[in-house]
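In what follows, a structure is listed as structure tokens, so that the remarks can point back to it.
Going by the order they are written in, the chains are A, B, C and D; count residues from 1 in each one.
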Amino acid sequence: MRLFSKILRTGLVTRPLAPRHDEAIHLINAIDARSRSVLGRAVAIREVDAGSCNGCEIEITGLAGPVYDMERFGLHFVASPRHADLLLVTGPVTVNMAVPLRKTWEATPDPKLVVAVGDCARTCGVFRESYAVAGSVDAIIPVDVFVDGCPPEPAEILRGILVALDRWPSRPRPALGFEDAEATRR
Amino acid sequence: MNAGGAEIWLRILLVAFPIGAVAALVVRGALGRAIVAAAAAVGSAAGFALAAMVLGWGEPVRGSFAFPLAPLVFRLDPLGAFFLVVTAIVGFAASLYSFGYGAGSPWRVLRTTGVNLNLLLLGLSLQVMADSPLTFLLVWELMSLAAYFLVLAEPDEPGAVNAATWYFGVTHAGFAALFAMFFLWSGGALTASFVELRAVPLDGALRDAVFLLALVGFGTKAGIIPLHIWLPRAHPVAPSHASALMSGVVLKMGVYGLVRVTFDLLGSGPAWWGMLVLALGTVSALLGVLYALMQHDLKRLLAYHSIENIGIIFMGLGAALLFRTYDLPLLSALALAAALYHTLNHACFKALLFLGAGAVVRATHTRNIEELGGLIRRMPRTAFAFLIGSAAISTLPPLNGFASEWLLFQSLLGGARIPAQSVAVLMPVGVGLLALSSGLAAACFVKAFGITFLAIPRSPHAEAAEEAPRSMQAGMFLLVAACVGLGLGPAFVVPLLGRLIARLPGLEPAIGLHAANGALTGLPDGLGQMSPPAVALGLVAVAVVVAVVLRALAPPFRLRRGATWGCGRLLQTPRMQYTATSFAEPLRRVFAQLYRPTEDLTVEVHPDSEYFVRAIRYESRVHPWVERLLYQPLLAMVRGAGRRVRQMQAGSVHLYLAYMCAALVVLLFVARWLP
Amino acid sequence: MMAGGLFSQLSVLGSSLALVFGLFVLWRRSLGAYVSAFAWQSGVVAGVAAMVAHFSGDHALYLVAALVFGIKAIAIPRLLTVMGRRFGGDRESHPYVNTEASVLSAAVLVLVAYSVTRPVVALSQLPTRGAIPLAMGLTFVSLFVVISRKKALTQIIGFLMLENSIALLAVLCTYGIPLIVEIGVFLDALMGFLVMQVFVYRIHETFESLDVEQLRHLKH
Amino acid sequence: MTSWLVELGQSTAALLMAPALVGLIRWLKARLQNRCGAPIWQPYFELHKLFAKEAVVSTNASWLFRAAPYVVFTSTVAITLVVPLMLVPLPFDGFADLLVVVYLLLLGTFFTALAGLDPGSPFGGMGSSRGMTVAALAEPTVAVAIFALASGAGSTNLGHIASRLIASPMAALTPGHLLAFASLFIVMLAEAGRLPIDNPATHLELTMIHEAMVLEYSGRYLALVEWASAVKLLIFFCLLANLFVPWGIATTVSAPALVLAAAALVIKLGMLCVAVAVLETRVAKLRLFRVPELLSVSFVLALLAVTSSFVLR
């Protein structure tokens, strides 16, 4: 009983994102439109932690929470790459995770996208040249979009997902003011 | 014999089986196998024809033979003919199967199997025709001995001798009970025909004694708990087509005997008869399937399932007895029809499963399902047949297991009409436990089929498996057809059963068990209606519509083969698959109080540090404690008695003469004092 | 007749609910759930008493209903909650009989109750007779709670439910025993409860736990 | 003839409506978590996407793995032909009764479990084992609840049970009926894989039941399996709604009656969705080995339902 009265008192906390991200709000509306046309407005995400410090994971957890609520855009996490459309990879790829990451990518049915989250995923960050690190994510599997930040904010991650959907081969790329992932790839 | 057509079939039956038995002794090689199989098949076919004629006429056929000591009297009435159909279907399939199955077996095994297969079929066919206690008991003994030698056919098989000894002991205990029953009943006149027996007036206590002896005698043959001890031991070690016959038909002779005695000859009894049979049936159904779940020996698993299904049949019989006591003849007929129908269905699918298991064992040389796997690729036809059998025994519509359990449910649901409320209250419990056992059976067969046939082979044996020869496939697919046919055709079978049940005293209204338009509509006193052909048709129609719609509307379908998803694990080996033990683990935990498993865990650690584990050994066993509880004291008693008797064996001739003298005196006294 | 039908249906419904709350105690493990189950059950018993009062016209029963509601549905649960808070959330994690077996035994007990109350039900002409087996079943189930549970507080709940079931039986079988007896029984129950409360304090002080199994150590 | 059309029409409608039910529960749960949530029609987008995607099948898997989704989907959809949705009696009523429905559902579970074992992944095996355990333990409750319904209505056929209750609407409030409803509600949670027995949204393999069995499916196969489980949920909801509270169902084929029936059905399903969503917000998933306890409670409830009002009148 107490639980439900609290729910009622709290009300809806999902908000349009903070004002300083008004480009992100714009983006989110764009995600809605674009993911609908590309993947039928339902994108299943499989998160792969390829060796991250879990900082990015904490931010990713925020995606599903009430504030960012990615479910309203038809994005949701799934338990198996077989069910997924998009791989969300974090961290520098450790030696032990290189093969599993590759296998995950292979297990995902086409069409599929890869979004690498965090600085480590692109540059290996402070773990660079560690004996345990095999390389950045794109050394192992083809990456569509990198999301920078250590860790990136949930809104940034959403932006990355949008760019990825945008990079869908069958669609002409609309001119948006975001950096092209292909160009930033090492 | 009073009808020309029937006589011909009977003669063929009586000639074919002995020819097969003799041929097995004389002719070696493929020709020998062919003759044995052909003789058994011809005999079974003749049996089927004979039974069909009797069922068609609805009138019994009579016959008798001069026999050195006493006349043997035979009479095949529709009830017997129904069981003859059971024998004939399974016998025919098993004979076909035996031709391919025997290839490669040593001559010694082939000889024993061939002789006794034919003798067993002869015994089974005659059993249902026996019309006097003497004939009945003699044929019973023939059947039991043939089955005993079949259990012993491969004596090198581990446990075979032990199993055969158990079988021999228990079946003769049952025989003793039957002998005592007929002796008490007929007052020693064992040659009296069953018709005369029916007229013998019995007072209350004697009737109860006769009933109890019949229950013990036929119960041991049928293998109901707690008289089942021999069954899970004997069935796995026999050659598979013999197991099929034993599980499919020999057990059913216990059912036949009980139906014959309690429904046909003895007449209505007090309520506790039905309660007792119903309770035994429920316990057998539940414990049978629970112990089956814990088995990893494919054939032993099937054997425990036979206990379960016999339990279900006994539930039907018990309910029928109960309804008859409370003067609800239509419900009683419905329950009896369900029991008889399930008898036929169980014979078909259990024989099918045993034949499939035999094909697996023959191809892989192991009965342990933990060593199997992936056979669906190597033995696709066997796998398909086994799948149908599994679905049928798991009571999935529209196969035959469902048809008969549906009838049984219908009759038990009618239990609310029993006027005695303290009895009526128990009916929902029975319904619940019946449903539980069918659900557990489905779980068990997901395990049996899934671990045996699906995924990756777990051993080199399974990797090297090859498809069974054509004759074996023919035997299996015949039974597949029977399972499907019987599942779709209750509207044909039920009126037939109604007609034969209506001949039993007190159940005349059963003639009203009818069906309309292929559906079990308006079963008198039944609560519901359904039509298996319509269900099957509905499924097919929906499947067609789905296929058409998908083809028309769905985008083109692309398929890619990839490695199994194992969370990105580097290596996927057969050892990482779920095993049968782990599959059954949740249920073992749920029913832990019943199983009382013994567990043994040893952890071997590195000598330098206890944190580095070198090996973990976990062992868990489930012993049917019911068996231990009941039979260990009995065995101890028998051994003790044996020891005491041995003391009498001093080896002195004089002592033996003295014993004889004493025995004579005692006998004379007894003769003097008896009227 | 319609009123009679409704009366008997409502009484069966009330007793079924009381029984279901009794089963709750066998199923759940935390004291909070026990207390609320007991409170709801007492509320239902009070409701049944009030309903019987309404249909039979015996207005004394209203008073009984009010007493049941006041004492058992409000006061005692409060006290129990306070006690539970004081002694910490001692969960009934390992009863003598595990949960599935307890629940199924309860089913058996209810069936037994049906067969033992058959003569009473057959004799009775009251519209409430259909509910008598259920109330009797509740008696058995409460006894089973007392027998099979280890924690003192659970046993107290079992005892209180037993008391509830007896009140229910009295109301259903005879439309209530004389008011004075009823009040006496209440006081008795209240006294018993207070005495038990004192014992619970003592047990807790001695063993630092409310596990009644510890009492075995007193022998030595 | 028109009733045949209504029959086929309502089955098609049920088939098409089922994903919305899942969507509605998800939306309600999102609102209870103070989230905006996905729109109710989100499951349709997901199904549409899955049908367009490629399917990856394990190299270990046999034809059974590829056939199972069709078997599961077909058997589940076939059930909608006999479940009373808007109209009783239906022309197909006499062809299948409640027992057939229950065992057709078991047929689906059986093949899902086999498909879980087929690719040889440990998760699939685990899911199959648990799924079959839960299915087997739920079976007695269903049977006894059927006993309660059948002895109350004198038939196991769904249309008959509903018509009987429409004829005497107050009978829906008897204690036996309410207890049977409660027990079947618990079974519905178990069979449809809802909390507290199974979490449909879990990502942790070790806590899965149904999800673990279908972990290997992708593309069209996954779409069929997911759709079938939505239809299964709808079937259970309709059984709960229309066998226990059949108010509003049309008994004659006429437009106003059918519209009323459709509205009543939508309202009843919506209420059940609210109940499930509220429950799923309130409770946590039970440990696997506490599930049998819950199912034994439901069995006892069903038994009480039978004894309290049907056997002893």
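General observations
Definition applied: contacts are C-beta pairs under 8 Å (C-beta built on N, C-alpha and C of every residue); 3 or more make two chains touch, one makes a residue touch a chain.
All values reported here derive from a predicted model rather than from experimental measurement.
The most central chain, judged by C-alpha centres against the centre of all protein C-alpha atoms, is D. With centres set at the average Cα position, the gap from subunit C to subunit D is 36 Å.
Mean C-alpha positions place subunit B and subunit C at a centre distance of 49 Å.
Spacing of subunit A relative to subunit B, judged by their CA centroids, is 60 angstrom. Those residues of subunit B in touch with two or more other chains are numbered 421, 425, 429, 558, 560, 562-563, 565, 567, 590.
Residue positions 80, 82, 107, 109-110 of subunit A each touch two or more of the other chains.
Shared contact sites, meaning residues of subunit D that touch two or more other chains, fall at 52, 54-56, 205, 215-216, 219, 292, 299, 303, 307, 312.
Inter-chain contacts occur between A-B, A-D, B-C, B-D, C-D. By the touch rule above, subunit A contacts subunit D in their complex via residues 3-4, 7, 10-14, 36, 39-42, 44, 65-66, 69, 71-74, 76-80, 82-83, 85, 107-111. Taken in their complex, subunit C has these residues touching subunit B: 98, 100-101, 111, 114-115, 118.
Contacts from subunit D toward subunit C in the complex involve residues 173-175, 178-179, 290, 292-294, 296-297, 299-301, 303-304, 307-309, 312.
Residues 26, 30-39, 42, 45-46, 48-49, 52-56, 202-205, 208, 211, 215-219, 222, 278, 281-282 of subunit D are the ones touching subunit A in the complex.
Against subunit C, in their complex, subunit B makes its touches with residues 421-422, 425-426, 429, 590, 593.
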